[in-house]
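Have a look at these structures, which come just after this line.
Both complexes below contain chain A, partnered by chain B and then by chain C.
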Partner chain A sequence: MIADIIIGGLINGSVYALLAIGFSLIFGAARIVNLAHTAFYMVASYCIYFATHKMGIHPVLAMLVAIILVTLIGLICYKLFINPIREHEAAVLIATIALAMAMQEIMLLIFTGDFLSVPSLASGYLKIIGVKIAYQQLLTIGLALLILAGVWTLLKKTRLGLAIRSTADDREVANLMGMNESRVAMITMGVSVGLAAFAGAVVVPLAVVNPHMWMHPLIMMLAVVVLGGLGSLKGSFIGAYILGFAESLVVFLIPMGAFLKGSVALSIMILVLLIRPEGLFGVAFEEER
Partner chain B sequence: MRRFRFVATVLLVACLVMAVGFPAWAAKTIKIGVIGPMNFMQGKGHWNGATMAAEEINARGGLWVGKKKMKVELVKADSNEFLSITDATNAMELLLTRHKVDFLVGGFRTEAVLAMQDIAMDYKKIFIGCGAAHPELCTRVAEDYKRYKYWFRGTPFNSKYLVKTCFIHMATVGAILKRALNIPKVKVAIVAEKAVWVDPMIAAAKGFIPKMGMEVVGVWRPSAVATDVTAELSAIQRSGAHMIFTTFSSSVGIPFARQAGELKIPAAQVGINVEAQKDGFWEATQGMGNYVMTMNTYARGVETNDLTGPFVNRYIERFGEVPTYTADTYQVIIYNLAPVIEEAETLDADKLVAIIENREYVGPGGKVKYMKDAEGRHLHDLTWGPGYLTSLGVQWQDGKLKGVWPNRWKPSKDAPEITYRGIVPYKIAPWIIQEYKK
Partner chain C sequence: MPLRKRGRMGILGVYLRKIYNLFKGEVLVLPSRIVVFLFFFVLLFLPVVTQDPYLLRILILTSIFAILAASWDLLSGFTGQVNFGHALFFGVGAYTSALLNLHALIPPWGSIPLGALAAVLAGLIIGIPCLRLRGTYLALTTLAFPIILMGIVFAIPDITGGELGVSGLNRLSGSRLYDYYITVVLMLGLCTIMWKITDSKTGIIFHAIREDELAVRAAGINTTRYKLLAFSLSGFFAGIAGGLYAHFMRIAGPSTLEVSMSFQVVIWAVFGGVVTIYGPVGAVFILFPLLEFLRFWPEFRMLMFAVVILLILLYMPDGLLPWIRDKIEKECPRCKVRNVATRKDCRVCTAPLD
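Our next item is the complex of A and B:
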């Protein structure tokens, strides 16, 4: 059973990590709480469904197209709805949740509420210590690690990463040093939405495509980033796996209460916040900056 | 001037009252409110069934209400009940106050239908439920007849009989597994979504499965909208279950079937999986839902009686898919409401109730008779059993949804065997055979 719990936790955690990293990036760099983050993930899922089922495009190509398209949509949304009110955090919260609901209603109008799905990139399963794991799930774990490494490299090893970190550290000084802060924020938004779309592309074969599929991940993603420390990529990654393992534990230890797995994960977040209000890595991240 | 203003105001108010009230006093149609989650397949079924019924009635000129022939007008209301019970009650209020409907059909989620039922009863309008299965909806009729007598169950039969039918399906599949795979005692995992309608079914299953000579190895209750159930599936496989008794009415039925198929979990799925009743299930599970068995009302090529085939074929022709049970709004309007209105020669709800509750009729789904409870009180619930409604057991076999039950079913020792036209044998998934065949 321990093997089941570990593997189940790794799978859940990887899905949450994929979503939380993009969200955490835009908050850490531009102080934008983008509540429409998982709605972009939902739109990417529908794009992939449409491309594979209605246009007959190969799933990998469909995923690439979806990531590009959703990133463009994200940038347009940023320019039209977020950038003008960026200075007002409460307004950004309201605008992004409204944006998410608008996207939900548009998808509902186009595709109705039918539960849809897209094919796996790799079908079949592997048996590890007696536990069956679908190849698609293994792919998700691998890609989550790869993406984290990629984002880490982008931030630490590139000029763009330096610019992002600088503007995150002190917007005014970055401006005085000749950096176009607004442009950096927009690029960061693009990367963040691209990551949401990428998460959609990887996770969608494991999920059921429907217009409300963004809600539960949003709650879990918020729990992950708050638990890990707002804006901390390391915190988001570790927080995702903590909640993933918590969910897995609930299913195995209280099968009758399997539906409580989300609630238990959120309770853990509250418990950690009571002890450490800034989250697990909140302060560490501030110091790093 | 003041006097003129007063007269003008009175005239304006009078005009407004007339404009708002006009549809009511000038009504020449019988208005039927069709309420359901219209963006989901359950609501689409409600609407499609009702549309077919209205088209058929209107094609023959309408219904005789006394000496007047009246056409049927449908009013669509999206209850959005999967997401918000408040939306459902608002939609119901709108149907009754704004559209002033004469009858109501539809509803799906018990939690929402209980609330909608109260509103319909406040307005003393006949509401025929076509989706919710909880017995409480009908127990209310027996306990407070004066208030709840306008409620009738249209489909499905209540969860007590749903679970009874599931037990028969489980016994049938259990016997096949035992015989084919030499399994001495079949182990059953109960997997039920977290919803009110399922609660009485779990209690019944835990008590009755051991009496059928099988063993319950555990109960798992994922969220009704869970998208990942691999942890549950791993735990089920660890438990050594040969059969999974599923009770899903929501989206969780898709990932459960898909992931179980992908991971080749060696346990036969039997029970209720509403998503598996749809034609789109095969695509939604990417073909991984093969060999899933579920209770159902209709299937291509399966005929409960002579009315089933023509209805199913016309429905497929009109909407391009097999009707699910919520499409029984058709049966409810054509075979129940319409003849009763013509017989009573009125739209008066009290007079119609008296006829409906004592009437038997045959529709495409089977013979309908409203039950009474042990004390002889009207329940307005559906009679289950041979000769009445039994439903079907259907199984996905290589991309096609086939009827597999009743197949030589003997309801009692001395009763004759029952097999509906078009039924085929149940198939065991190859990976289950591979796992257990010695």
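Our next item is the complex of A and C:
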């Protein structure tokens, strides 16, 4: 039971962290609230399903193909639908919702609404003090942490990361300092969608693939981002694990918990916001006028 | 005898001419006013031409959602408190009036206003924590409230019926035609009231809060009070829409609280053009029947809906109706009165229009 809670919390937390960090990146660098973020996660899961089941590609290769393909789709969507209306915040919100709906419907048309599953990368399980832990679960957690570390290095150690962070800090000044703002936004979009696709790829062997699988992660991701503080990567990371553990605690400990898991996680978010309106690690923005 | 008769006719004629002149001078001068007039006229006299129950049903639902979309605009468009959980008000209104109707046996004319009052309460409850948040934080936080309520609804199925919802409510009225007139007249009335509110002094303060809250505070206006007022007004109108929906469908289910319902409202309002009231109403009257029309291709229905929204937004990011209005009308640069786009000079001050 305790082990279940810990493993569940770690997996939920890692996936939410991957999603939330991607979302924070594009929000920070381009001020785009991308509500289609988790739809890319869903599309990546379907890509892997298609590659492994219909084309018989090895799962690891399928993962790579899916991530590249989905990143490309994300960039095309960005160029076609989001970039032209970037200055209109409300329009961007609606456009991304419409994009997510369109992707959901396309998946529904191609694969129908059936619940599908994908073979795991590693079979078998580990026994620690009488508790079974599947290798796949360990692999998911490990890969997620690895990629998170990779993103951290990208942002803190490379020139590209510097450009992304400075654009997030102040777009105009970054532009004046010779960073091509629209190109940084484009690259950030690529990284962000790539992270969403990766989240989909690592979690797909443990999850059920269906066209509506983006809704719940979307809400949890938004809660994580708000809890941690918009645009704060550290906040997203810690917030993700807080809500991930909260969810798995509720599911395992409270009767009818599966219905309440979203409610409890979101209530935690609201409680934190009551005390700290800018989230756990958010910076209280100067009043933007 | 002939003289008296002529006199009577004369008075009637004078009044008729007065009304005609008023109509010609105030309504026929601007295409947008003609459209609004035709909108009222067609909706009110449609049953004279056809009483097709399916058509009336669509128009009833469209009217209900028009109230909902306009109430979103009042809160999020005018006051700038972007609410992503508008389904909360709708759901609270629907569930409250359903439960009151079912258990306390209150007829619809009583349960719908009481449901709206419950929605006002919900507006105050979520408005108080939301006062401290702004912009994107506010939008993403409000998304959480209907989901929390939905979790509670599912957790206590004895009272709320869980997934099945509360069913077996009283009808709105005896027949489809009466239902139609109740909802349409309410919709026209409530939307006019909302439009009047946004035009009043309070509405101007709402505008100002959106543009620059700090300046409004500096002008000695209690913005907290006005923001809460916006939350409760919006909740009231959305609650009425929820109650009407529950009584018309005779069921209040969890679908009224879904995230997609909240998103739907935002889509309607932004598609039609925010900060207008008429924009969201017009958008619902375009998009909702469109969605019904697309049922001929059920599997492509939502896809085409999404594509239409994407394409329209690409070319008109400020919304459809303001875009059309700007095409057919021009604002006089001197006296700020609107004119038909075909005019060369202003109809009031005769200044040349660019």
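Please note the rule applied: the second predicted complex is superposed on the first by the 272 of 289 C-alpha atoms of A that agree within 3 Å, B and C clash if a C-alpha of one lies under 4 Å from a C-alpha of the other, contacts with A are read in each partner's own complex, and residues count from 1 in each chain.
The criterion applied here is as follows: a contact is a pair of C-beta atoms (placed from the backbone, for glycine too) under 8 Å apart; a residue touches a chain by one contact, two chains touch by 3 or more.
Remember, predicted model here, so these are calculated numbers, not experimental data.
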item: First, second, both or neither for A:Ala207, with chain B first and chain C second; value: first
item: A:Asp114 touches, of chain B and chain C: first, second, both or neither?; value: first
item: Chain B versus chain C as contact partner of A:Arg183, first or second or both or neither; value: neither
item: First (chain B), second (chain C), both or neither touched by A:Val226; value: second
item: Which superposed partner A:Lys79 touches (first chain B, second chain C, both, neither); value: neither
item: Partner chain in contact with A:Met256 - chain B first, chain C second, else both or neither; value: both
item: Touched partner set for A:Lys156, first chain B, second chain C, both or neither; value: neither
item: First (chain B), second (chain C), both or neither touched by A:Met269; value: second
item: Which superposed partner A:Met101 touches (first chain B, second chain C, both, neither); value: second
item: Chain A positions touched by chain B in one structure and by chain C in the second; value: 108, 256, 259, 261-262
item: Footprint of chain A on chain C - complex, ascending; value: 82, 129, 132-133, 135-137, 139-141, 143-144, 147-152, 154-155, 212, 214, 259, 263, 266-267, 270-271, 274, 299-300, 302-303, 305-307, 309-310, 313-314, 317-318
item: Chain B residues within the chain A interface of the complex; value: 37, 39-41, 44, 82-83, 193-194, 218-228, 230-235, 237-238, 251, 254-255, 258-259, 262-265, 275, 280, 283-286
item: Touch list for chain A against partner chain C, complex; value: 27, 33, 81, 84-85, 87-88, 90-91, 93-95, 97-99, 101-102, 104-106, 108-109, 215, 219, 222-223, 225-226, 230, 256, 259-264, 266-267, 269-270, 273-274, 277-279, 287-289
item: Contact footprint of chain B on chain A as seen in their complex; value: 1, 4, 7-8, 11-12, 15, 53, 108, 112-120, 123-125, 131-134, 136-137, 206-208, 210-213, 216, 247-248, 251-252, 255-259, 261-262
